[in-house]
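All remarks here apply to the structure that follows.
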Amino acid sequence: MLAESAEKYRHTRSTTERFCAPLAIEDFVVQSMPDCSPTRWHLAHSTWFFETFLLLAFEPNYQPVSADYQFLFNSYYNGVGKQFPRARRGLLTRPTVADVFEYRRQVDQRVMRLLSELPHDRATEAARIVELGINHEQQHQELMVTDLKHLFSCNPLQPIYRSPSDRLATHTPSNSAVWSSFAGGVTSIGSSAATFVFDNECPRHQTLLQPFEIRNRLVTVGDFLEFMGDGGYTRPELWLSMGWSAVREQQWAAPLYWEQRQGQWLRFGLDGLCPVSADEPICHVSYFEADAFARWSHARLPTEAEWEQAAGTLEIRGSFLESEHYHPQPCGPDCSSPITQLFGEVWQWTASPYTAYPGYEAASGALGEYNGKFMCNQYVLRGGSCATPRSHIRSTYRNFFPPDARWQFSGIRLARNPKSQHESSMPNRSA
Amino acid sequence: MLAESAEKYRHTRSTTERFCAPLAIEDFVVQSMPDCSPTRWHLAHSTWFFETFLLLAFEPNYQPVSADYQFLFNSYYNGVGKQFPRARRGLLTRPTVADVFEYRRQVDQRVMRLLSELPHDRATEAARIVELGINHEQQHQELMVTDLKHLFSCNPLQPIYRSPSDRLATHTPSNSAVWSSFAGGVTSIGSSAATFVFDNECPRHQTLLQPFEIRNRLVTVGDFLEFMGDGGYTRPELWLSMGWSAVREQQWAAPLYWEQRQGQWLRFGLDGLCPVSADEPICHVSYFEADAFARWSHARLPTEAEWEQAAGTLEIRGSFLESEHYHPQPCGPDCSSPITQLFGEVWQWTASPYTAYPGYEAASGALGEYNGKFMCNQYVLRGGSCATPRSHIRSTYRNFFPPDARWQFSGIRLARNPKSQHESSMPNRSA
Amino acid sequence: MLAESAEKYRHTRSTTERFCAPLAIEDFVVQSMPDCSPTRWHLAHSTWFFETFLLLAFEPNYQPVSADYQFLFNSYYNGVGKQFPRARRGLLTRPTVADVFEYRRQVDQRVMRLLSELPHDRATEAARIVELGINHEQQHQELMVTDLKHLFSCNPLQPIYRSPSDRLATHTPSNSAVWSSFAGGVTSIGSSAATFVFDNECPRHQTLLQPFEIRNRLVTVGDFLEFMGDGGYTRPELWLSMGWSAVREQQWAAPLYWEQRQGQWLRFGLDGLCPVSADEPICHVSYFEADAFARWSHARLPTEAEWEQAAGTLEIRGSFLESEHYHPQPCGPDCSSPITQLFGEVWQWTASPYTAYPGYEAASGALGEYNGKFMCNQYVLRGGSCATPRSHIRSTYRNFFPPDARWQFSGIRLARNPKSQHESSMPNRSA
Amino acid sequence: MLAESAEKYRHTRSTTERFCAPLAIEDFVVQSMPDCSPTRWHLAHSTWFFETFLLLAFEPNYQPVSADYQFLFNSYYNGVGKQFPRARRGLLTRPTVADVFEYRRQVDQRVMRLLSELPHDRATEAARIVELGINHEQQHQELMVTDLKHLFSCNPLQPIYRSPSDRLATHTPSNSAVWSSFAGGVTSIGSSAATFVFDNECPRHQTLLQPFEIRNRLVTVGDFLEFMGDGGYTRPELWLSMGWSAVREQQWAAPLYWEQRQGQWLRFGLDGLCPVSADEPICHVSYFEADAFARWSHARLPTEAEWEQAAGTLEIRGSFLESEHYHPQPCGPDCSSPITQLFGEVWQWTASPYTAYPGYEAASGALGEYNGKFMCNQYVLRGGSCATPRSHIRSTYRNFFPPDARWQFSGIRLARNPKSQHESSMPNRSA
C-alpha cells in the first residue's frame, strides 16, 4: 500500500514543481492581496504539511528542517502552534526560493525513507495522511495558478506565463442550452467514503429534493454579455443587497480580469490579454454576479444537492490542470447533450451556504481545523475547474468561497423550478 | 374586514408611541452605530411605510406630507426611490421629534379615513397591506427597544429607561436541562399561509430530518459562566475561524453589555446596571458565541427545521414586549417539562443560514425587497424575544442577523445527534 | 478688579446662551464629524472649564456639580484626568439639554459668589483665570457657529438657523485690489502682554523680514471663480503634494458648502442655501486651496510676521460674532484703501506653520496643555472671522488649524516678493 | 567639464550596484510598507531619472529603452506623466532584476556617449542635470539602506545583510555632554550656490537668532534609556498631542527596531540583532520622540538656523555610507570638544517645519516638483547619517520627513535658551 502512496506522492510533488518552471525568481515572492499567497509560500506550506502531520507524527525523534519554518509555513492550524500572519506572507524574502526547494528535497527524501521503512501496523494510518497531504497539495496547485494569475494581472506589463496554445475553433450554438428535468424525492448525497474524501463530504445522508430542472451546459461569455448589455451591473433589483453594495463599492462592471478597449472586451489570462470569446464558459464571477445573472434569467442557482443528483454517476470529463490550458474551454461536440460540462472548466456556484452535513464530525486534533472551522459565510462550489488536478475532483467534492470572491475560476450553471410549480398560487403570502 | 384592520392599526401605532413616553427628546435623535437607528427614525420610517404602500397606492391623488420624507425615511427600497444613507440617519436633527409625531398624526388620520371609505373591491388588497404594515411596525417596535438599549449603553452615566420591576425569585434547578428526542423523517415546515405571514416563511414544504435531540430549555447565564470559567473565550479550538477573529479583533470576553467590577459580572439593561442572575437565559451573544458554547457542550445548535418540528403546535407563552420587562426572564415552574421557553425571552440562534425555501418567490414590486435580498451571510433565529410583540411571533417565523450581531436579545438552545448515530464509524473519512 | 471680571463673565455667558435661542433641542445633541462637537457639549465644556480651573482651585472644599461631568466634559487635559473620547461626544443623550443649562446656572451662581467673596490676595490670580475662561468660552462661541453650520449642512432639508437679513448692495470693484509694500527689516512681533493674551502669542520678540508686498483686501468669490474656471482644481502643478491628494481623495471641486445646480453655484449657510455672491470674501477653503490659489496668482500667502507687521496698529473693524451675520461681508467703501479687511469676515491662512515663538514657555500645570501641545502639522491663521467675538481678536492673535480643515470661516489674503527681488538670478541653483 | 561629470557618474552608479552585491534576488522585489520601495525600484527609478531628464532632453530622437518604464519608474513627476501608484511598487515582479540591471547598463552607455559627444554650448546645462541626477541617486542609495533594513526587520528570521565588523571599544563619558553658547543676532543661512545645491537650500538669506545653547554631542542610547526608565513613553505631559496619539495607536515603547528579551534591549540592524550599546547615538526615533525627550530634558530641539550657525564652517567628519557600518558609531576621542558629531551617524531632527526660504523659487518644469511640493507637515533634519554618501552632505543641506517617521537613521541633538532668558518673567501671560 505504501508503495502506491509513494508513487502518488512523487507524482504530486513533481507536478507542483513543474508548474513553477517558467517562473522568474521574482514571481515566487510577491503577495498581491491577502487572499493570495506567494508561490514560494505554497511550495513551502505544502511541504510543512507533510513534515508536520507525517514526519513529526510517524518518525521517532524527527527534527524539523527548521524550527522557523514550523512557524512561518503553518497556515491556520492553532492546534500546531502560532502562525505568521497571513497578510504578511509577501514580506518574507528569506528563506529564498532555492532554500524552499531544498526544504522540499529534504522532506521528500525523509518521506520516501519513512514510507519504505514504516512497520506494517502503522501503514494504514500513514497512507491516509499521505493521501490527505497529496490532496492538500493539489488544492495548493490550483491556488498557485489562481494566485499567480492575480499577481500578473496587477502588473501593467501583463506578463505572460505561457504563450497561448492554438485555440479550438469550437462553436457553441446559442440554442444548445436546454433544461434537464429531475424528479426530486428522497435522495442520498455525500460520500460513504470507500476511497479518500474530505471530512466535509461526510456522512452520506438522505435529503429531500423538490422536482427541479437544471441547464445542460455552463453559462457562456456570450450569455453573460447579454446580461451586461441589458444593464445587469446597474439594476439593483437584480442583486442581493450585499451584492449591490459590492458592485458599487468595488465598482464592478464586468467579470474580474476584463477590460474594455475601444469598445471591445478583453480578458487577462496566463496567456496574456486576449479578446473575450463568446463560446467560452463565463469565469471569474462572484456568487453575487452568478445570483444576479440567474435572477435576470428568471432562473436560480442549483443547490448543491440538486447539482450532485444531476451529476449522478457521470464520467468525469473536461479541462483540468493537466491540460495546461489554465482557462476554461468552450463546450465541444456534446454541447447539446442533456447534461454536460459538469466537471472541469469552471467551479459552479451553488445556492447552498457551506454548512455541516447532518452527522458531520470534524477530525480530531489539528487536522480537524481543515474544513469545519470555515463553515460560515461561504458558498459551496461544485465540479472543479481548469486549474483543478483531474484526480482531485469527484461528484461529492465541496469547494467553498465567500460570496464576493472572484479570483478563482468560478462560473455559473442555472437551475429552476418546474413550470407546474410556478403556477401554484400562494394567496395569503405577503411582503 | 377593514374595521378590524383599523382597530389593529390603532393599537399598533399607539403601542409604538407608548414606548416613547419615558424618553427625553435628546434620546430620539442619536444613532449609536450603523446597525442601529434613532428612535425618531423608527417612528418616521414606519409611518413612511404606510404612506408609501397604502396611501400613495390606494388614495387617488394623494400628496405626501413631505416630499423630503419620501427620501429621508425610505430604508432600503430601491423600487421606491433613492434613500438617505443608513449610517447618516443620526445626523438629522430636523424634522424634529414634534414634526415626526405630527407626521404620524396626519398619516394616521388619512389611513383611518381611507379604511372607512375604501370601496369593497379593493378592501382585501388594502387589508393585506395594512397587516403587512402592522407587522413591519412591530418589527420596528422591537428594534426601538434594542437600539435604545445600545444607545444608553454608550453613555457612562448609564441612563435608566425604567426602574427595575421586582424580580421573580425564580430558581432554575441546574438539573432541569433535559434532552427531548425527535424521530426525524419527512416533515413539513414553513407556512401555508391561511393568515398573515412573511414571504420568507413560504411555501410550506417537505424536508427530511435525521433523528435529533433538543434541549428542553434555554441556556442560562449560569451555564454560560461555566463556559467562560473554562476559558471559553480563549480557546481557538472552540470557535469558527471567523468567530475567533471576532473574539480577538473586538476583544470579546463576555456577552455584550457585561462588565466586571471587583470580580463580579454586571449587565447593563434598560433598568440600569445589575449583577447578572444565574437563572436567566443568556442573552446578547452572537452566533459565533452560541456556536462555540455548543461545541464546548459537545452539542450543536438546532437547524431551523428541527426547531420548528420541536415547536410543533405548542402554545405561545413567555415574556414579550407587552410584559415590559425588556429583559429575558428565568424559567418558571414548567422548567423541567420536555420542551419549554420556545417563545419569548430570547431569539434562538439556529445552525441554519438564511436561505430561500424551495419554491420561494419574492413579492413583486418594491415590497419584494422586504426579505429576499437579504438572504446572504445571515443566520436564522427563531422564537421571538422579550422585545417582540406577542402577536407578532409564530412557530414558522424566521428572523435573521449576521453571525457577529449581538445587540439583539439573542440566546442559545442546544441540540445534538442521538447517541446511536454517534457510534457509527466513518472509517475512510479524512482531514 | 473682580467686579469687572464678574461683569465680563456674565456678558460672555449670556452671549453663549443667546446664540442657542433659535435651536430645537434636537440640534444640541448631534456630532456631525469628529472635529465638531454638539452644541450641548460646548455649553457644558465651557462650564466645566470654570468649574475645574476656578471653583475647584479657589473655593475650599468645592464639590463638583457632578463627578461624571468632570470626566464627560474634559476635552483634552490629561493633567486633570481621563477624558470621554472626542469622537463619541455625540453618543450622549444625557445629561439632557435642560440638565446642561442647569449645570451652567449652578456654576454661574458659584462663580458669582466666589468673585464677590474672594480675599484680596487671591484676586489677581482668580481674575486671570476668569479672563482665560472667558476667552476660552469665546473660542467655543465661534465653534458653536461653525459646528452648527456643518451639522445643518448634512441635512438634505437644509435647515435655516435664521432667515437672511437684507444684504448690503455692496460692490467690490475688480480693480480694487492693490499691493501695499513693506520694507521689512528687524521688527517685533508677538505680545508683551500688558493685557490678556494666550501663551502662544508670547514672548514679544524680534524677527527679520525681507521686503514684501501684501494685498490690500481679501480674495473674493469672484477672484476664486476665475481660479476654478481656469481649471484650478484639476491641475496638479498648482498644488502641494498633500493638497493634491486631498483634492482627489475628498473630491474637492469647490469650497466647502458649495454646490452647483443648473450651472449656478450656491452656498449653504446658517441663512440657508443662496447663490454665491462675487463680491464677498471667499470662505471655507483649506490651506491647500489657499496655497494653490496663491500659486495660480503668481503670488504666495503672507507669513504670520508679515501679516502682523501689515496689521500694525490698525483699528479693529469688520464683521464679528456680534453683527450676527454668520457670513463674511463684502468690502465696503474703504475697499481700495492700502490695507483693509484685516479683521473679521474670514480667518486668513498664513504660510507659517504653527510653532513656538523663541523663548515660548507653556503655562505650568494642566493649563499648559492649552496651546503648546498642538504645535505640530497646523498652520497659523490671523485676523478673526464673522464668528469671532469682537473683543476676542487682536493683531497678535494666533489661530491654528490643520491644512485640510475647511469648516472654519477661513479665507485668503495674498502676498508676494517685490519685483526687484524677483529679478535676482540664482545661477547655480538646481532641482 | 563633462569628463569630470562622467567620472562622477560612473562612480555613483557603481556605488549603487556595489551595495546590492550581497542581496538575493528575492530581496530586490518586496515593498515592506508604502513609504519604502523595493531595491529594484530604486535601481530603476534612478536610471529613469537620467533617461528622462538627460537622454530625452539632450539626445536628439532618443527612444526610451521601454515606454512602460517611463510610467512604472516615474515616482511623482506629474509634469512628466502618469505614475504607477507608489503603494503598489511591490506588486511588480517584472521587469526582473536582471532586466533592471540591463536597463541600467543601456542607459549608462548612452549617458557616457552623450557626455563624450555633446556640443560645447549645451555642456553646462547637461553637467548640471548630471550633477542633479547623481545627487538624486545618492539620495536613493540612502533609501536603499533604510528600506532594506525595514524589509529585513519584518522577517522573523532576521536576515543579516553583512556580519558585524569589530566594534570600536569607544566609551562616551557620561559627563562629556556640554552646552556650547552662541550669541545669536542677524546671521545668514542657506546657500549662495557656487557649487551644486538643491533648490530648497536657496536663497542664502539673513535671519535673526536669539542667543542659544546647543549640546556638543548627540543624545546617546544611554541617555535615552534614562528617559525610558523615567516613564518617558507613558507620560502624556511630555508629548505633543499628535505624538501622544502615535504612542498609543502604534504602541510605541522604544525606538524602532528595538525589542526586549529577558529584560535586555536588543536592536535589529543590517548586521543582525545585537544588544543595544549605551555609547552609540540614539537612532530610529521620530520627531515626536525627539521632542518628548527634549522636553523631559528641560531642553528643546534646535531650529535649523541654530543648527546651521553651530555647524558654521566645521570640517565634515563622521561615519557615512562609505564606511559601510550602516549604523551610527559612538563618539570618539573628540567627544568633549565644544561641538562634534554634526555630520554623519544620524540625521538630527530640528524644531523647524519644512518651509520655503524667503525668496525661494522652485525650478521650472517637472524638476520643480523635486522639493517644493513637499513643503507641508514635515520637519527638517540636518547633518546626514551613516547611510548618506560623504560627498552628498553639507551644512546647508535640508532633509525632511513627517514627524512620525522612524525608519530613517534619525536621532537627537538638544538645544536650549540661555539661563538669563529663563529668568525673565512674563507676568501677564496666561493659559
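The first chain written gets the first letter, and so on, giving A, B, C and D; residue counts start at 1 in each chain.
Heads up, the rule we're going with is that a contact is a pair of C-beta atoms (placed from the backbone, for glycine too) under 8 Å apart; a residue touches a chain by one contact, two chains touch by 3 or more.
Just so it is clear, the model here is predicted, and its values are computed rather than measured.
Participant: Check every other chain and keep only those touching both subunit A and subunit B; list them.
Facilitator: In this structure, no chain contacts subunit B and also subunit A.
Participant: Just grab the chain with the largest centre-to-centre distance to subunit B, centres being mean Cα coordinates.
Facilitator: D
Participant: Which integer distance in Å separates the CA centroid of subunit B from that of subunit C?
Facilitator: Centres of subunit B and subunit C (C-alpha means) sit 48 Å apart.
Participant: If you average the Cα atoms of subunit C and of subunit D to get two centres, how far apart are those centres in Å?
Facilitator: 36
Participant: In whole angstrom, how far does the Cα centroid of subunit B sit from the Cα centroid of subunit D?
Facilitator: The separation of the two C-alpha centroids amounts to 59 Å.
Participant: Residues of subunit B touching 2+ other chains?
Facilitator: In subunit B, no residue touches two or more other chains.
Participant: How are the chains arranged in terms of who touches whom: line, ring, star, complete or other?
Facilitator: Contact pattern: a closed ring, each chain touching exactly two others.
Participant: If two chains touch, include that pair; go through all of them.
Facilitator: Per the contact definition above, the touching pairs are A-B, A-D, B-C, C-D.
Participant: Please give the residue numbers of subunit A that touch subunit D in the complex, ascending.
Facilitator: Against subunit D, subunit A makes touches at 24-30, 32, 68, 71-72, 84, 88, 90-97, 151-152, 154-157, 159.
Participant: Which residues of subunit A touch subunit B in their complex?
Facilitator: Answer in residue numbers: 76, 78-79, 128, 131-132, 135-136, 186, 191, 193-199, 202-203, 205-208, 210, 236-237, 239-244, 351-353, 355-356, 358-359, 361, 363, 367-371, 373-377, 403, 417, 421, 424, 426-431.
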